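Chain naming follows the written order as A, B, C and D, and within any one chain the residues start at number 1.
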Amino acid sequence: MSVDLSVAVGTLRLANPVLSASGTFGYGLDLVDLCPPEALGGVVTKGLSPLPRAGNPPPRIVETAAGMINAIGLQNVGVDAFCRESLPQLRQRRVVVVVNVFGETMDAYVQVLRRCEEEEGIAAYELNVSCPNVSAGGMEFGHEPQQLERLTARCREATEKPLWVKLSPNAPDLVATARAAVAGGADALSLINTVRAVAIDAERRRPVLPRVFGGLSGPAIKPIALRMVLEVHRALPEVPLVGIGGIETGRDAVEFLLAGASAVQVGTATFRDPAAPLRIVRELEAFCAAEGVGAVQELVGALAWP
Amino acid sequence: MIARRDMRVRLAARRELSPSCFLLELVTDTPFEAQPGQFGMLACRAGRDPFLRRPFSLAAVGARGEGTVCELLVKEVGRGSRALRELAVGGELQLLAPLGRGFDLATPEGGRLALVAGGIGLPPLLFAAERLAAAGQPFDLFLGAATAAELLLVERCQRAVGAVGGELVLATDDGSRGERGVITEALARRWASGAAYATALACGPTPMLAALTQLARSWGLELQLSLEEPMACGVGVCLGCVVDGADGRRVTTCKEGPVFRASELAARWWQ
Amino acid sequence: MSVDLSVAVGTLRLANPVLSASGTFGYGLDLVDLCPPEALGGVVTKGLSPLPRAGNPPPRIVETAAGMINAIGLQNVGVDAFCRESLPQLRQRRVVVVVNVFGETMDAYVQVLRRCEEEEGIAAYELNVSCPNVSAGGMEFGHEPQQLERLTARCREATEKPLWVKLSPNAPDLVATARAAVAGGADALSLINTVRAVAIDAERRRPVLPRVFGGLSGPAIKPIALRMVLEVHRALPEVPLVGIGGIETGRDAVEFLLAGASAVQVGTATFRDPAAPLRIVRELEAFCAAEGVGAVQELVGALAWP
Amino acid sequence: MIARRDMRVRLAARRELSPSCFLLELVTDTPFEAQPGQFGMLACRAGRDPFLRRPFSLAAVGARGEGTVCELLVKEVGRGSRALRELAVGGELQLLAPLGRGFDLATPEGGRLALVAGGIGLPPLLFAAERLAAAGQPFDLFLGAATAAELLLVERCQRAVGAVGGELVLATDDGSRGERGVITEALARRWASGAAYATALACGPTPMLAALTQLARSWGLELQLSLEEPMACGVGVCLGCVVDGADGRRVTTCKEGPVFRASELAARWWQ
């Protein structure tokens, strides 16, 4: 049985619903031999800022039970280097590119978008709003609905391409931030980013990470991510969602689709299995074939509510 | 560049080398090759515990039948290495290899290499030693450990060194075998008595590498270091394994390393 | 080297800092052969209500990566049966008993406390406030600081024994709820309860749990729990804390102590290893001996802040 | 009550029984005993994946040297059973056993027992059959499966039944061996032709147990059922494994069961 894997995330059509998540697939070209990016629904870039950033000092990662904590600190080559060095190759390979954007001020976000708008071959933008808003005292953009609405609206003005806002699971009120992003003009919401977490070195009596806090990812958080997708989908059933958090298998992807996601992103799983996103596409296809699902799109939001 | 592959490997044998260290012989059906200093990311047990793969330096890679046999030397310290200790012979694991940038083994005309290994830093240097021996390139091997029992595979090292008329220098902190003290002091004594090396290749604990860097700088000796940093992906996509580079950039140990020339690293990395 | 394992949680002294967590050790007597309750710092009972409750329909549990989701629905024998059937035996064994209390109204909490006050042999109370407040429209007591303060104050009037309030990780503002509980008269705060989560059956396209949502526990949540203990400890350094969430080993316990907990509770780990709480006491002792820690109490809050 | 213990067990042998099922022979140094119908909680792999232990009915328990050998029959369906399939012989696991309430094997004077097993429901009934055979208590064994290949250990069942002059009745859904159709229909045919049983002991898929309960009620046959519910602790502390009891209480399958008399369970459990 042949399965139609294509999905729509708002107006954006994808050949299949599996994207690589930001920060776990470089700029899309590091794993061409193990996981060809053009075989995926799309690739979300490492978060880009106007200028290159060195990120946090090491150590930056800690293994946890069925997950890991990272504090990379948004190291990136800067939007300009990305556009010059990676984008042409991605374009040539016909990769669906979603540029992940962050900044410490609203202007910084807009700068990244403006620079990208000069280029061909970008399919959509994803705003990483788990970033301290320097002008508003360091509170994360994604934690305060009014700030988030303004940020989204500013970015909305800068582009007509699909604009995704990536929600933080640490926000006091998830649904309120979701609504704010939509009010500001978001076309879709991606969720979730990493969960705030700490690791402690018992012998040395100090936090493992120099900045103490980091973000938890991997299968450990899957049940939380799935819950959040379901909550946002029930509150805002018309808004396209992109599900993220601990996805490791085709079946995991199905669960997120059923909960209301139109597509999914695979992050940490790629560290354990560099071909994970591609494998998940195949497993998803096999699942649909076995269950008699002709088109993956049918699964989106198809959860029976008891 | 040698193509990397994510391979199914079978544990063909495990051999105890010391109270804490053992050797794994992993075989795979597909042929693969590697350079000394390169490593593999090994899933140490089926399932999700440990969650991440662990990087291990390749200690030897060679053809066996249609396939390949690959040796690792492992020190038992935590979840991953313990799982490897428990794995029954015949059990299967997943290995992504070869990864990273290995040693540059080219010796300047008439020059001589010093290989310096501390404790479980031996594997990449054993690989280098056996390659150099096979190629007839002269070298001396400096091997240090806390105590005699932790000097690994001494005879095998001796054979490799002997093949090219080199010297195997042993040192232990407690003097139970070889010279007493740390291995860098043994190297310094050789240097002082006129042994001029073109390049040193080294792997071992950070204090050893730091001491070596100081000495090499004062001697004007070129130095290649194999570094160990915590890694999540091993392939350059997570940016988890960075160290500070000489040019102010943070460089990935897994992709740009694990072997760096000392001059590529920030001076403060050593303090 | 002999190690002094005793700790103080406010005015309550415990022989060691390891308690069994509510809902994972029955009423303290089910595992006497495998994990003698008198060898622990204390035992927290399954949550008690004024009358017996049947709890949720099955299925009630789902395994997840390094954790599980439960929706037991607070099945319990009722406070009266507990006082008649279990408490005398616990008393005889000199077990340190902490009664976990919940209700759907403030009065229900107070009723449980009043009934318990008639008995000897209860060391402290722990209020489970992750329970829908029926009179306030179903919002959980633990999610709204004002309600929580009132509930705590009402309970405070009913007893002079140590009163612990168990915080929910799902509250919009953790530190605000912590402050409210303290303002209401709590002697200590236990954290964390389970994290709201969902599991989906991909083939059947429905939630695994009949009530859809459940609570995630186990090592998966440890890095989140540790972060929350650290956050509350930094905000309220004088308030005794009891750390809970994914503790499986003596080293895990040390991490919570360093983060600011005066004692810890072991929950889900007991399902994988019925002797886990006792094993953790021994591992903790061995850790201290190896690290030259003469008294466990030294570890409390001893994390070096970078 | 037989004391339960959390024991280290070693996989002494694994034998394939069918395309999906296999037998594990686990040995332990310490002696232990159990009643048919009791189960053990097995950690299917070292580490945290799978996270929870899995309950398995004990299929046989007997002395071997100083220690004990314990057999399990396992059907490969998911994470835990797959880990058991992959475990290399010689590997070690943790088993907490015996747990729960087993079958009551007492037969009323001159009465006869019917043992009814569907698919992977066989293990507790195999244990019961071999115990009854050893004690010389008469019984018939009804064994059903989807197809011939999934009828497990038929010869061994035959030996046990034969020892007390009983009958082994086989049935497969596809008629590839024994009678065609479900095993409860085979039982009904025996009953209709006059085979009066004092008690039936049963384990198998829920539809089979439901059909059996209806029949038993209409016949006035006493019925003991071994139930399978998802379990976290296996020892009565999590309340995860409850079913609705006849008295309106929710009863734990792990502690008050897994064997229940049909009369102890809520009628709606069967609808």
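One rule holds for everything that comes next: a residue touches a chain if its C-beta (ideal position, glycine included) is under 8 Å from a C-beta of that chain, and two chains touch if they have at least 3 such contacts.
Bear in mind the structure is a predicted one, so any value in this text is a computation, not a measurement.
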Far-end chain from subunit B, centres as C-alpha averages: D
Length of the line joining the C-alpha centres of subunit B and subunit D, rounded to whole Å: 53
Rounded Å distance, subunit B centre to subunit C centre (Cα mean): 47
Rounded Å distance, subunit A centre to subunit C centre (Cα mean): 34
For subunit A, residues that touch 2 or more chains besides their own: 64-67, 218-219
Shared interface positions of subunit B, touching two or more other chains: 48-50
Category of the chain touch graph - line, ring, star, complete, other: complete
In the complex with subunit A, residue positions of subunit D that touch it: 48-49
Subunit C to subunit B touching residues, read off their complex: 65-66
Subunit D residues touching subunit C - in the complex, by the definition given at the top: 3-4, 6, 43, 48-53, 94, 96, 229-244, 248-250, 255
Interface residues, subunit A side, partner subunit B - complex: 23-26, 30-31, 33-34, 46, 54-55, 57-68, 70, 72, 75, 218-219, 268, 270-275
Complex contacts: residues of subunit A adjacent to subunit C: 64-67, 69, 172-173, 195-200, 202-207, 210-213, 216, 218-224, 226-227, 230, 246, 251, 254-255, 258-259, 287, 291, 299, 302-306
